[in-house]
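Each of the two complexes below includes subunit A, the first together with subunit B, the second together with subunit C.
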Partner chain A sequence: MRARAAWRSGRVRIGGILVAIVLVAGILAPWLAPHDPEAQDLLALLLPPAWAPGGQAAFPLGTDTLGRCVLSRLIWGARVALYVAILASLGAMILGGVLGHVAGYFGGWVDRLISRAVDVWMSFPPVVLSLVLMVGLGVGINNVVLAIILVDWTRFCRVLRADVLTVMNRDYVTAARLAGFGHVQTIWREVLPATLPLLATLVSLEMGMAVVVEAILSVVGMSVEANVPAWGVMIADSRQAMYQAPWNLILPMVAILVAVLGFNLLGDGLRLALDARQSGARAEAP
Partner chain B sequence: MIATLLRIVLRRLLAAVPILVLVSMMLFGILRLLPVDPAAMSVPPNATREEIETVRRDMGLDRPIPEQYVRWALTLLRGDFGTSIHYRKPVGPLLAETLPATIELALAALVVAGFLGIGGGLGLFHVRGTWKAAVGDLGSTALMSIPSFLWAIILILIFAVAFRAMPVAGRLDMAFARPPGTGFLLLDAILAGRLDLLASAAKHLVLPAFALGLSFSPPIMRVLRSGLHDVYAEDYIRQARLRGLDEGRILIGHAARNAMLPTATLLGVQFGFLFGGTLLVEVLFSFPGMGGLMVEAVRNTDLPVIQAIGLTYCLVVLAVNAVTDIVCLLLDPRLRAN
Partner chain C sequence: MTILRAERVVVAADLEGARVPVVRDLSFRLDEGKVLGLVGESGAGKSMIGRAIANLLPPRFATVEGTLRFLGADLVAMDADKRRALLGRDIAFIPQEPRAALNPVYTIGHQFDEHLARLGVASGRERRGLARDHLAAVHLRDPEHLLEAYPHQLSGGMCQRVLIAMAFASDPKLVVADEPTTALDVTIQARIVDLLSEMRRTHGTSVLLITHDLRLAARVCDDILVLYAGRPAEYGPARAVFERPAHPYTRCLQLASPPLDGPRRKLQSLPEHMPTLRALAALQGCRFAPRCPTRIETCSREPALLDRGHDHVVACHRAEADLALSPEIEHPGPARRISAPVVKVESVGKVYPGPRRWLGRAPDVVALADVSFEIGRDEFVGLVGESGSGKSTLAKILLGLEAPTTGKASVAGIDVTDPSATAREARITAIQMVFQDPQSALNPRRRVADIVTQAMIAGRRRASWEERLAKTKTILAEVGMPADLALRYPAELSGGQRQRVNIARALCSAPSVLVADEIVSGLDVSVQAQLLNLLGRLRAELGFAMLFISHDLSVVRHLCDRVLVLEKGRVVESGPTEGVFASPASPYARALLRAVPPDDLATPWRPFAEAEDAAA
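Let's turn to the complex of A and B:
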């Protein structure tokens, strides 16, 4: 059992390290990046990484089709990815979390209304809905955030509603109501603390999802403004030159994988830790 | 008995109708947020203000939005999907051309995801309790972190850029003309008895199908494994052991069959994601399906096409969800009781 627990925290640890790398790169971007991510050097187009033949020390990871420093763009891209991931997942958490709690807590027609809305939303493939939303909203980084919130709130709503329903059977919720707590107070003080671990897990997974959605929208050209160095934009830009410069394509992909894997491991680790607490007996089973 | 089943099937299909109506309203509403003017876009740039107004009236754009919606919905019910602003062609035939390609891709991907997922799930369960389980678990999380569009690029880099071994654009080699028929190329090639055509179509389908299938197999692995965990806690597994059956037969013959039910449900739910996932994979592989058409339409703000394709995606997802529910009802007598 102890070995399991250690391994479990190991998962959180690996995820934490990966996320920390992205976090540090994003926060310290202006100091870490050797160049301006948008500065073009037309005498140094499509340079390979510095260690490869023909590479230059000034561009450690080479340059893209416009002679922009790939390393600098990767580092600034971390900032864009974090901006989208944090705002979008928090927004989706607030919208979906509030509706999920309201649906689970009040039940009845409120629950039916919200659940029906979730059904309608879920019948859109997420990629299609986000694309349609971007057509309606227009490109731009804040619209990407808004589109992700409007697509992914259902993930939070559906799962949290089910969780609230089980919490509602607990005696302490009834006790709180009998003690004269109002609805908002009961949800805030009694229900929310019980659903918080699940919420944290979902937020972590949603951050990974947001990074992917941003990249997907960038690849079809419906994401951030042209002058924002996002990883998805880097992939889209380097597709044309993939035969001459495959590293231009591989590096932003690695960045996306590091971020998504980090968020997923973190979320998974949290889920396992939470699972063990809720049903310690079952975790002992084979 | 059959009457009851029919009633269940009918009720399930009817339940999807109001959702479809709400979906169509939502789609229509979102696209009306758009700051551009479809009327101005569908006339030559040197058109006068009066000409634009005429077009706007002809397209019904001077009407209130609810009325525009009703008009659109009524024409849809007559089977008329409107006219593409960009191609100046009716949308219906455009859809009919591309939908089979997308369905073919999605089905091929489902087969890949099913094989990988079920094989992986059985494998993960088989190594339970050993150090390999930890590795497998970590591996499935890593797999889950790779979305289908990244798989597409990875496969393109490996098989086209590094080895130049596989085609990565279109559905057929240039030398072949598309055979007449259903639009499902594999089927059409078989019907026409053309093995060369079949080989070419299959070769073009493999990489996109794997890109999608690889990204959808990890959740299947996990659900199957936890389903097996649950089933192994049941008495009949112990009974089977006491009867002296070997572990392989218990796993395949007794446990896997019952653990398949949640897995089948998941396959149905995942199909929605998978079907949406075809969009980007099609774009990356220049696969001439609905996804490519949709992205083209999005770039041209071709509203009638976007609306029609968006609705088609939802229709397919709703239909698949309904079918999944029905299949589960048929498979599990316990669900049928209520």
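Let's turn to the complex of A and C:
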């Protein structure tokens, strides 16, 4: 019922298609990519895309300074982007979501403690905080995921706490307690289903953000190693020859744009479609 | 002079391409200085008429036929600018939710000033003086101070007075009041109604009063139009309609509300509920026929609105017939022996610490002070009091949701503050609650069966879905609901059905005490009667005690053996229902009783007799 309503929104549809493209590219990379992303063809350096003068049909989107196939690298790069996007956003969701529910549900000093921690955490600029974390944790893609989780859990925590508070006003939560439900059971059965649409929305927005953060850290060499095809690495590599071969810079940027746009449109659309609280409730009003 | 004249007005909704008339064949006349009452339950279309006048119909609704002549000019055909100029100036509105109608971020003075500026008072100083005078005219004390106040600092009744002052500020020809008292406390309601009639007299304004309360309308209005499912059922002078109702719907409405004096009688309950928009589209013939106790074959033809010998017009084929609708007197059973008490409350007090301020704290709030009472097995006790009198706090203490600051309370022998697991487990079968608002009390994401039997999977219990379904069927049968509703979601149920589910859930663990918090106050009279009859039947079949919190005295009188009157956290009166109602001792109980207009129009209604006596 909800899913169909969500699909009716144009944002969800376009966002869903864009995300699906990135997903398919990432999952099926070994079969979709025409070349090995690391294979160098030193006789075909800095080729333009196939449709431009001088392009070759074997390299549909041209080659980079080492003669590597740009299309293949873009397709493989989707893997890194998705890996970070999914793990980081789920991690931030679990950490922030659990703390947000605990704070909103129990209230009192538990709430004060968690909320103050969030306030302090949020007072650090996110970019600085993530760079400091990367320096402390060390370079590597898994540390990128960890850094994003540690920076962005506050967003989940704060928004969900507010949502939990409104759900707690509902009598059905009290009714569940009176029927003998434990705290965990009450949160799981009565509170979580109500906050789930918001959670889903935040996760999809967070995925877009994670893609950008990973690309930034790749460009400055703090994420994957240089021999792993990632969009940020491609941008970094293309800087030397950006005047001779601007497509090497533009194409990974377009890939990032598509992925982020897809996640954001999906998140935005889901928010509009799912947040119309209890859409069925007014069906009867005359 | 006729102020407002409606002729064959049809308001229709566009329902997936089909045109469904929500108001049909509506004609009435409102003369200068008169009050016309539009009476009907929710879904009758009464608010649609107010909205049609204000040009505020919801999207996909439109006035498709007929004329609404205001001083001879048709509002429906009038262009938008001209109509907007009339609204708020010659036609004023008094809303149902006074708090929602005032902007919370501006002071009363600011909002009044804006309104007067729109009416064309140029000088700011003059506007301020006028605002003060208008507020004084609605008997608000210290208007100067009030102009600086924000809406949240005022009570609901004060907000409504401000809105009434604003409505009459332009000396309008017509005031449309849509349920102006529904959201207020009973004792305040009477004062607002009184103010409304006083303002009408001094300004010579005509009033269109939209209400669900037939008794109130009979007192206040010159004419009454009873609406059912968008069609006038009965229209004529208030006295004639109220004392000699000819339409079975009007009669059922009267017989469905419990009386405040005289013998207890069985409530006439209509089956089902008002047709929904969808059902309306398919309905043929008389719209009331599916629920009518006196239905005959002719009723498949739509009856015309005619004078059928009752000195007012009625839309019913059976109006002449001697309808077998007479009240059934209920003989009170043998007086209940007060058996061993199941609820014991001993000098319970509850104090909330005042909110923290810049330095130190605000003074403590005393919610309950030294409350003691007992409830016997199978006894129904009514708890009456204004909002803020501590009724809900008392309920929370009994349910173990809040701990009392002083005193002791126990239910079925278990202390309410005992935190041990066995005590908590035992409390589940000892006491349960039926909540006020079924909209908020039922999780919209769960099916009826899942909601009703949630106690069967709570804690360490593990019932299978089959067991739960079987239990749901038994309980639904007990509360008079068809078993096939077990797999519906709350949004698919009507208001009355939701409240039944609410009751069913509380009954699932077979508690010995039920706490019911205003469980019928949000419902229409005919649905309320169904539920009151149901509670009476369940009591006989299952046997449980009940603490029935309500501000509706007639309902309390109908249902309860004893009454407790709570005022500012103290029990000011308690005793057997009949005794308290016959000779109330506390001033508060007397004020509550007087706030309800007597059934017999010959008995004068003097809601403020006491205040007047005190003033004299």
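The rule is short, and it goes like this: the second predicted complex is superposed on the first by the 267 of 286 C-alpha atoms of A that agree within 3 Å, B and C clash if a C-alpha of one lies under 4 Å from a C-alpha of the other, contacts with A are read in each partner's own complex, and residues count from 1 in each chain.
Here, a contact is a pair of C-beta atoms (placed from the backbone, for glycine too) under 8 Å apart; a residue touches a chain by one contact, two chains touch by 3 or more.
This structure is a prediction, so every number in the text was calculated from the model and none was measured.
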Touching A:190 in the superposition: subunit B (first), subunit C (second), both, neither? second
Quick one: subunit B or subunit C, who's touching more of subunit A? B
Just to be sure I read the superposition right, which of the two partners does A:53 touch: subunit B = first, subunit C = second, or both, or neither? neither
Considering only the touch criterion stated at the top, classify A:108 as touching first (subunit B), second (subunit C), both, or neither. neither
Return first, second, both or neither, reflecting whether A:180 touches subunit B, subunit C, both chains, or no partner chain. second
Could you look at A:243 and tell me whether it touches subunit B, subunit C, both or neither (first, second, both, neither)? first
Taking the superposition as given, does A:170 touch the first partner, subunit B, the second, subunit C, both, or neither? second
If I apply the document's touch criterion, which positions on subunit A are contacted by subunit B in one structure and by subunit C in the other? 286
Residue numbers on subunit A that touch subunit B, as the complex places them: 7, 11, 116, 119-120, 122-128, 131-138, 208, 212, 215-216, 219-222, 235, 239, 242-243, 246, 249-250, 253, 256-257, 260-261, 264-265, 268, 285-286
In the complex formed with subunit A, which residues of subunit C make contact? 13, 22, 42-43, 45, 48, 276-277, 399, 401, 424-425, 428, 432-433, 435-437, 439-445, 451, 454-455, 458-459, 461, 489, 491-492, 494, 505, 508-509
Please name which positions on subunit A make contact with subunit C in the complex. 169-172, 174-182, 185, 189-190, 193-194, 278, 280-281, 283-284, 286
Going by the contact rule set out above, which residues of subunit B touch subunit A in the complex? 19-20, 22-23, 26-27, 30-35, 128-129, 134, 138, 141-142, 144-147, 149-150, 153-154, 156-157, 161-162, 229, 232-233, 272-273, 275-277, 279-280, 283-284, 294-295, 298-299, 301, 306, 309-310, 313-314, 317-318, 321
